[in-house]
Amino acid sequence: MRARLFVTEAFRSIAANLSTSVAAVMTVLIGMFLLGLFIALGSWVISWTNHVKKDLVVDVYFCTELTCGTEATTKEINAVKLQLDQNPDVKSYKFVSKDDAWEEMKDRFPELTENAPRNPLPASYEVIPEDADQVQAIAASLQPPPVGVETVKYGEKKAERVLQVAKIIGGIFLVGSLILLVASTILIANTIRLSIFSRRREIEVMKLVGASNWFVRAPFMLEGLLCGLAGSILAVVLLLLAKELALPGIMGRIESPGDIQAWNFPVVALILIVMSLLVGAFGSGITLRRFLRI
Amino acid sequence: MRARLFVTEAFRSIAANLSTSVAAVMTVLIGMFLLGLFIALGSWVISWTNHVKKDLVVDVYFCTELTCGTEATTKEINAVKLQLDQNPDVKSYKFVSKDDAWEEMKDRFPELTENAPRNPLPASYEVIPEDADQVQAIAASLQPPPVGVETVKYGEKKAERVLQVAKIIGGIFLVGSLILLVASTILIANTIRLSIFSRRREIEVMKLVGASNWFVRAPFMLEGLLCGLAGSILAVVLLLLAKELALPGIMGRIESPGDIQAWNFPVVALILIVMSLLVGAFGSGITLRRFLRI
Amino acid sequence: MQEADLTEQLEQPGAATAALNGDPAESATAVDPADPAAAPSEAPMIVFEAVTKVYDPNVVALREASFVIEKGEFVFLVGPSGSGKSTIMRLLLKELDPTDGRIIVGGRELARLRRSKVPMLRRNLGCVFQDFKLLTDRTAYDNVAYALKVQGDSKTQIRAKVPEILALVGLGSKMTNVPHELSGGEQQRVSIARAFVNHPPLLICDEPTGNLDPDTSVGIMQLLYRINRTGTTVVMATHDREMVDKMRKRVIALEEGVVVRDERRGGYG
Amino acid sequence: MQEADLTEQLEQPGAATAALNGDPAESATAVDPADPAAAPSEAPMIVFEAVTKVYDPNVVALREASFVIEKGEFVFLVGPSGSGKSTIMRLLLKELDPTDGRIIVGGRELARLRRSKVPMLRRNLGCVFQDFKLLTDRTAYDNVAYALKVQGDSKTQIRAKVPEILALVGLGSKMTNVPHELSGGEQQRVSIARAFVNHPPLLICDEPTGNLDPDTSVGIMQLLYRINRTGTTVVMATHDREMVDKMRKRVIALEEGVVVRDERRGGYG
């Protein structure tokens, strides 16, 4: 019953202070839209770096006559396979036989292979790690090389570079998201503060005619909540429009591999809305304290 | 003389309405900081894509016995050189002789070259365009291939991809900057509106005791200007701190080539400050109109 | 909802309402609680014990003011502009705390009253403010209704009481106007209606007729008198010499924050 | 700076100041401009021709009100609460436009006055507002100074005039207080000081003594009287019956927006 009174009061207040309500909704809208956009961009870029990371593999080259003086035996190869099977860091591996390697080389350098007397290339395992960060660990687990293995390579330089760039990009987006989060919280709180500030006389009067702190606070918090709700829902709608209209336009032009995933829209939307509600309601509540001390 | 009065009034007003002034400064600060940060990030990424674009070259492969049946003569090679000299799209070019190519191949595939009877590789020109977008034009200008040239390659697929990604990144940052620009303008205007709204009674009284519109407006606009100035200078200081403290930390970890340039800080700072001043002053001026109609 | 020691003033729940409408004769037959002799055992309504109030930059608004107002009394507070009348009102409402001295309202010492109990105090203490203090974005009706809402009255109760009291102060046709659509006197009457509407045991009126013409003022004074007759204590700050001289009620006169006169049946001075 | 047709009221620049300080005898020897017969050639100060003002939801605040106020007259505007007195003040300030009829102030028809000329009109028309309308974040001094600043007075002029006028209304010691640190009567006197300070040829006072004690009221009335004697036209809305009856000046009485009485030497009614 009291709750209904507060809801009525909140709506009355929104209508009576339309100008400030619109300002509050607009601030929430902008803050949440920017945050959502940034999260979208960030999740897309991070997904892209993950895709790039997939290129990071460990190559286990077996012996050839040329390198060790003798070809690796099947038994030796199976021993390595067993070792890979048991390593929890390994996601999958692919056996590249001498013939496979030669075919590939033929495709890439027809001039060279045409006149080669025989196949000088080694057989190898291409090992895909569970996580790109584990390439080094996998390579280390095959050190010293088992019998029959000539060398283990994981493109140290490239791997290091890719991992570092990925880390930095991730870091930038984490820091950026935090900055935006803090920024939009401050902005929303600011707007709330201003709109409550312009009504401080009203609050004073309410207190003087016998309203308890909660009786004054509840409608204001509800109002903050409603403005937060309206603003964040509008932001989500705008983001949805951006996703549906702008994204295909951009994506259509890059042939992006399927595993570059779009962000998880419903979760992000939910986070934005809940955040707005909380900032709206508690921002109002906290700001009021100062004016309730009468 | 009147100007001094307005300045005094503006400062008095800022002091008297400290709470709203702080809110306005904070909004400008946040808006401009985000915009500056985004421009920084954007200019850095665009500079990086430019760096990547530098890898786009046109390779002009000359004839060899294996491909055309006869090696290209010095005269034929010089004819191509002349043609490249005259092409305005060409920034520079590098001659790679058959021996240079063979040395490089030896480094990359020692197993293959060890047993090769002789050097099957062609001589070539590596042509660097003035602008990465011109690789296709340069390749086209050598079509059909002059005498002695076997083939002209410019990595169509890679070139197309890189150019497109660069364009999209550029587009995203342009659109993003515009969105941020509009967003921070709205946010600042909003704050101004709220702070003026909370003083509408005051404006009404001023008008009723005989103040002209400009007499009311000037201090308010000056106040907006000062808040804009304070906010944007704080934003620039924060950006400077970010640049001096955070950037080296990030950059130190990527071995970034020297030609990835930092953004032009003074210009960006100037833009941010001027923008804040304008939005502050005219935001106030325009908002006031509504309350001056008494 | 209401504190017992304050509410017990209204012996029957409907007493005040009856007084507002009923003929004076009916109320007159009741025991006059304004006569302190009739209720010697009861604690006084207001006690000021050497109360001093100093505003920030050394302004002494009240200097060792002491007086006792019994339950059911009708007291005029007079004094030149700036003599501390409104300061007394604000101290009673606990809008301010005294710099020194003790204030007791309805048996409770205000300094010891917990923050959470302050709203309760104010609900039992109807106040007509000198500057009206209306909620600017609410209609006259909603302004009056707010005083009932804060104490948890139901919609039905509000719908019954508010139009009645507004009609009583002559604003029956202005219920849906917001304050800036009302004349000065009309705003003042809304403030009066709000202070009366929940029949508080103590009414403090700070210059309630300053913006009213003589006829309306007399009407309001008659209303106050009738309310007082039902047992409500009334404290009224005023500059209306004519009124004070005619009523011959107790007068407390202030001058620069000092109580200079306290007469049982005084004049304006 | 000031419009010629309005300023010519103050024959000598220092006249009003002299009147504020000088002894009454000095002013009394001058020709009484309040007597319209003495200045038959001059245009009237205020002309209301069948002015009707209807507020938005069908509230007729003024119904075909017609009257002429000559230059130098002293006029009381009386009538019950809500009868349209403040509405007349607001029409004179061009804060509102009449729904119908013509208003001429100082020879200028207000409806024809360009927007850019309105500030000029208001500077020549000192107004004491019923709700004071002080700038809440400025001190008493700055509030009064503002009325001089808007007309371009120099700092030196302001420093000379403001403390003088504040001392005159008894606020010499409250110059640095902001409105909420002032009592109701003190705020009202700041509003009075602001209206007087630039010696406008027309003074309109909306209930200027509503929050003042009788003694201070008399002081303010004497001040108004002396200002009037120097040729300033004074229009004053009031509920103070005693004052009106004692002064025996022209009285225009309103009732529900209709001019019901207009007597040369009337009483409150």
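By written order: A, B, C and D. Residues from 1 in each chain.
Here is the rule we use: a contact is a pair of C-beta atoms (placed from the backbone, for glycine too) under 8 Å apart; a residue touches a chain by one contact, two chains touch by 3 or more.
All of these numbers come straight from a predicted model, not from anything done at the bench.
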item	value
Separation of chain D from chain A in steps, with touching chains one step apart	2
Farthest chain relative to chain D (centres taken as mean CA coordinates)	A
Gap in Å, rounded to a whole number, between the CA centres of chain B and chain A	24
Cα-centroid distance, chain B relative to chain C, in whole angstrom	70
Length of the line joining the C-alpha centres of chain C and chain D, rounded to whole Å	33
Cα-centroid distance, chain B relative to chain D, in whole angstrom	64
Interface hub residues of chain B, defined as touching at least two other chains	none
Junction residues of chain D - those touching two or more other chains	none
Chain contact graph, described as a line, ring, star, complete graph or other shape	ring
Touch relationships between chains, expressed as pairs	A-B, A-C, B-D, C-D
Partner chain C, residues of chain D touching it in the complex	55-57, 59, 78-82, 85-86, 130-131, 170, 181-186, 188-189, 206-207, 210-217, 239, 241-242, 268
List of chain B residues in touch with chain A within their complex	19-20, 23, 26-27, 30, 33-34, 37, 41, 66-67, 105, 109, 111-117, 120-121, 161, 164-165, 168, 171-172, 176, 179-180, 183, 186-187, 190-191, 193-195, 197-198, 250, 253-255
Contacting residues of chain B [partner chain D, same complex]	2, 5, 13, 16-17, 201-202, 204-213, 215, 294
Residues of chain D that touch chain B when the two form their complex	93, 95, 116, 119-123, 127, 129, 133-138, 146-147, 149-152, 194
